[in-house]
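To keep things clear, I will list the structure first and then write my remarks on it.
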């Protein structure tokens, strides 16, 4: 495939099906613009992803990841709590690998959180422009 | 603007004293029939309500009222109060030219011709032909109007009148709608053009009809003249505000504020002239007013009269 | 990376279908360029475009390719999946294929409406490419079929709850109707003559309530609250608790129960229809049910102390107070009498507690503003004004309003009738609300209302009055416990939020739970009944087959890889969804994980913790996500 | 400040044109009136609705601007007959003048 | 006469009959189409020289401007012209190369 | 009655707009057989012709097409387009509907919707589907997302030149097609006959449709739709991009001088919606809404209205008394500015009339169902059974029973389906007994 015009570092967004994904659509309905280097994956619950998934993403060249969860409103009771604990472990692993932990954000975005959504993507975009692409050396996956 | 109270008092006083709003005795104003061949007796009574006859006097009055309206020193000299009084009655009659009076008379004479041609069985009795009192009604002098109307209606009734032929919208409205409501006396009222029954083909032409408010809206008669003119090969070019939605010529405001009247008139004339065809009026007040604005206008009866 | 047992080396044939959306997409994304690029991705058999992919010809394109065997996986790139994922899945079904070989790329809400220029086209390409990567790894799935009980539980015994109960029972479905008070009728029972037809509320409530009480298929649980909730569509369990009268707030109303009438079906004015004996002791029960209809209704807004003089002057009352007074006192005189005072002149103030504006109206104790229109107050107020003017011709009525909203059938006539009845209307702007104060001019009228009247060219108008009536709006009932238990979405207006106001107006995201009446938004009785019947018909359709098909997106264990550590069972968030079972493999008794699909939420909590990657969620596998990431980072 | 008289509208009955309260103040009459004059005639109708007697008498002269052409009544969306209301007010004012 | 001819002839007869029945409509449509061809041609001819706005085309061809726009919208729909640059408050319309007629 | 072919169904739905389709789907989902009779050549009703819908601003097409497709593909639903209902009468336990299917002059079995006929046809005919702003041909497919995608010949404008017949790859053109008469035998019926708008000609003060650049709201829907006639908002007089657009509310409602005294219920909201869409596509344009009362009564409507105000859309409280042609194609709006100087004339480049809703169908002579004084179908228990008509077993939904917005229409359609299904169950019980 031809080299894409999207040259800045890429941001992966894991957006929950019930909250953040419709929230992103609501931003679309409002025709509010945001950077193009953002890739939203629809997930049922981000609790699905093991620790190594995040590290692999950085290894593959993703510059930043925003988890947009439902937060405490999560339809899967207890999932958010488990997720938060997991992300703490991911942060630990990132530090070990000298990865700036600001590259990974755990947030809650609701279906009408247009402003919060825009703030998160813009902040992350500014950050990765500032700190450049990630460098990961050690193998990670189990 | 003149104080309506002064005008109302004056007119009410005039009507009370002379049965004419302008204080002009009937014998002075109503002379047209002397030169017309019109029978006295008939199945229906031709009832002019004297409106056409008054037109020349109204013109004169307005001319003066207009000159002094809203001028500061006029006010100072109390003209606003006294001027209306000054220009009424015999004084007014003397200031009004005979030519104008004749012109009004011709319209009524044409109407007689038209009715005759249509084989209408009618007659004219000047002693029964009275002012309808409509101006008092319009001005809100309800008591004055009712008093006058009861008088007129009683007169007609005692003369055994059932059918009445009218020639102007104001008198028609008064007799057809207001008299039954306020005097309890009803007549069978028809305008002269509702009785026209002849056709003529003299090559087509176009005119613009100015529907008077009372015919167009209150009495919903505006389709009648259209049809009659159609029978004479005359096409009516309608402006947007016509028929039920016709616009006022401004005439009724003359006595209170000639200035206002003139503004309204200006707008209406502009609309009517936009068609480019001659204007046809069917109300003495509209006729006089449109003429004053310099429009090419004539009365419906004059137009039809030419086709006899 | 652990070794991946690749399925047989069969090349998946993905069909990619890209929508113009009539310019919505194609104005910013070069759809043909995306098509050209995507066509070259390995695994893509064909890539096509259409003006409206969701239209019949668009769907036909896909179906033809499936029937011709050109493709066996489908990616549609169009609007948000919430709009059309189902549309395309059903098209695939109609073409005789499994609907789960489908993946959706959202290039409208998340591309063409937020990005412009070349980058929009590039991003669209990447998203389609990612969807394709996932599609290649999709496998056909079978929906999970669970038996559905032909039983509905309706929460709320107001007009909507009763309407839905009768509808479903008549349709042959067993119904449990749960009402927290001893009375049926809800808010409607607190009204008298209804706008615009002046039908008696008591008659309407009595009519429906008697059908409810006498219906063999309806069981009414009065004085009952919902305490517990579990299960899934077709097989919910609702734990309820019956309360003796001491424990709730209906004692006052119960006092009005004439001992003679202390039987079911008696209508108590301004309370409702008494539906049976009050339990003498608390009692807990569990109802097994197939669907749940929420008809939890509304309550009246309570003005704050001092709002238009409320609580400050005894002459300031609410519309509910007035309605009750009108119904109960009929002194037959030419002047209305309220609390012993003859009312020569009275004011009605619209929009109290409705259409509140930030910065103008104060928030309530919990920080809320009622920004919505309460929909019913204009007509109710005009109706009351008409009744007053027609019954008490000497009582003058002034209405202070912002907009008269007589939108419905027969309502504009109500407004006109009020005008004919010589009610005087005074119009104010929200930022210059009328002021109610003590009348300093004379003793004849205790209060004076001052308002800047738009209709009088912005002049200040002063009206001396004996009485001020506030048209209080409505607020949803407090049901946070149910909301939490059932995980229901609530809108910014605090009313329950439907899935989509037009596509699915009476449904909630939780399958099998429906909305009826005013718990969704303010409505009048007719609209609430419409909504209730609309919910009932959806419930009836769901239960008519005796079973419900659930999404097959549940956890799936690879027995070959599983070694029975039990980490997944520990991580599982849904009771009963995962357990370790004993089984024999190669002659050895081992422990392996087992999924009970109907209980599995498909959240994937188990997926992340399995050391062997032996468990995954069907349709949302980790491998699929990894492939999508690979597609996104590909250059 | 406009002072309200509760019974004025009823008192107007005997002067006719008692449809003033049927007007919902849309302004069609004012805008359609051939006079094109400020708020006329709605202004007078509004004062009548409120029972603002003093305002009507203060501005009484304005009533006689009305040409009684009836266009407002014909186009009134509420059929409140503004033209007749004005005529009724003229009668009220005349009666008032005569009384004093 | 073979069977096919027979069918053809029968159809011709039927068409003749149908044409007779619908004579009034056909005459009206034909007159209209003639006029439309003329006007469409004039518009396209003017556009051959330069992209133009509706008022410019109306001035040049004498066709009322609302009708010009109606033609342009339709020509655009069937692919004969495209919308070009904006000039003040008006858009210019450009003839596509493949436009037939 | 002649021995017409008979189609046996459980339920007949009259009208294939959003109300009819929703009622049909809700009945069919309960396993009842349904026939939908639609007078137009496509189902979808008024909704499929709109641009976006309030207050969510969803694309109307995107919401309607799934329902159209769901109904069209439902195994229990038969869609019959281009059909007139001649009569609907009770016959014992059944309703008998006599139907005439108008000839399309195109064989529906053969037509593949390729539109080659349309491209080759030489006749331009003003396309009402596009507000008359562009043309279609004398043979055409009604609109791009029509269901079914079958061409029709407009015989009134057809020259019988034979070009379409030559162009058709499947020989689907049939100039000799005749109307088809048939009967539907049903047990219950839902009347979802919708609404029409009053016309631009109905109020002389608004120019009788003769003032250029005065259009109605449905025409504006087309101008705003992504596949509209100009693909953008232009003045129909001369293609100018308007700098100032005005909405005249109650231009066919709450106006006894026009014979419509009721409120049409949706105009406030669609005007606000269009104004918002306009301010999106013409960011520099001034947009004014002349109104008497803003009736934003539905869920999320008031907030929508407040948003519009915040966006800078100007709301002027006045009923517009008259419109006149102004200079350079502008339109002069005459109204009384109530808190200002009084009578005011304002000029706008484009004026949109929010016309009123009137019934789309009159049952008189066709079906013994009564209309109320507002001429919409009379409902006999508006509070507790809002969809009941005075004919046993016949129900009504949507704008057929009074003006209604889409949300209320869809809910009510469900309610009508509920009543109809209860009626069917009662009948079954009766038979079983």
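General remarks:
As written, the chain order gives the labels A, B, C, D, E and F, with residue 1 at the start of each chain.
We adopt the following convention: a contact is a pair of C-beta atoms (placed from the backbone, for glycine too) under 8 Å apart; a residue touches a chain by one contact, two chains touch by 3 or more.
Predicted model, so just to flag it, every value in this text is computed and none were measured.
Distance from chain F peaks, on a Cα-centroid basis, for B.
The busiest chain interface, judged by C-beta pairs in contact, is C-F.
Of all chains, the one whose Cα centroid sits at the greatest distance from that of chain A is B.
Nearest to the common centre of all protein CA atoms is the CA centroid of chain F. Between the Cα centres of chain E and chain F there is a gap of 29 Å.
The distance from the centre of chain A to the centre of chain D, with each centre set as the mean of the Cα atoms, comes to 69 Å.
Chain centres here are Cα means. That of chain D falls 42 Å from that of chain F.
Chain A and chain B, compared by their mean Cα positions, are separated by 87 Å. Counting partner chains per residue, chain B has residues 245 touching two or more of them. Multi-chain contact residues, meaning those touching two or more other chains, occur in chain D at positions 24-25, 36-37, 39, 74-75, 78. For chain A, the set of residues touching two or more other chains reads 29, 31. For chain F in complex with chain D, the touching residues are 205, 250, 254-258, 292, 318-322, 334-336, 338, 341-344.
Partner chain C is touched in their complex by these residues of chain A: 1-6, 10, 12, 18, 22, 24-25, 27-29, 31-34, 36, 39-45, 47-51, 53, 56-57, 60-62, 75-79, 82, 86, 111-112, 141-142.
Chain D makes touch with chain C in their complex at residues 1-4, 6-7, 9-10, 21-25, 39, 43, 46-47, 49-50, 52, 78, 80.
Those residues of chain C lying in contact with chain F across their complex are 21-24, 27, 51-52, 54-57, 59, 79, 83-84, 86-87, 90-91, 94, 159, 163, 167, 170-172, 194, 197, 199, 204, 207-208, 355, 357, 371-373, 375, 403-409, 411-413, 416, 454-455, 457-458, 491, 493, 495, 500-503, 505-506, 520-521, 524-527, 529-538, 540-541, 544-545. Residues 1, 3-5, 7-8, 138-142, 213, 217-218, 244-248, 250-253, 256-257, 260, 263-264, 267-268 of chain B are the ones that touch chain D when the two sit in their complex.
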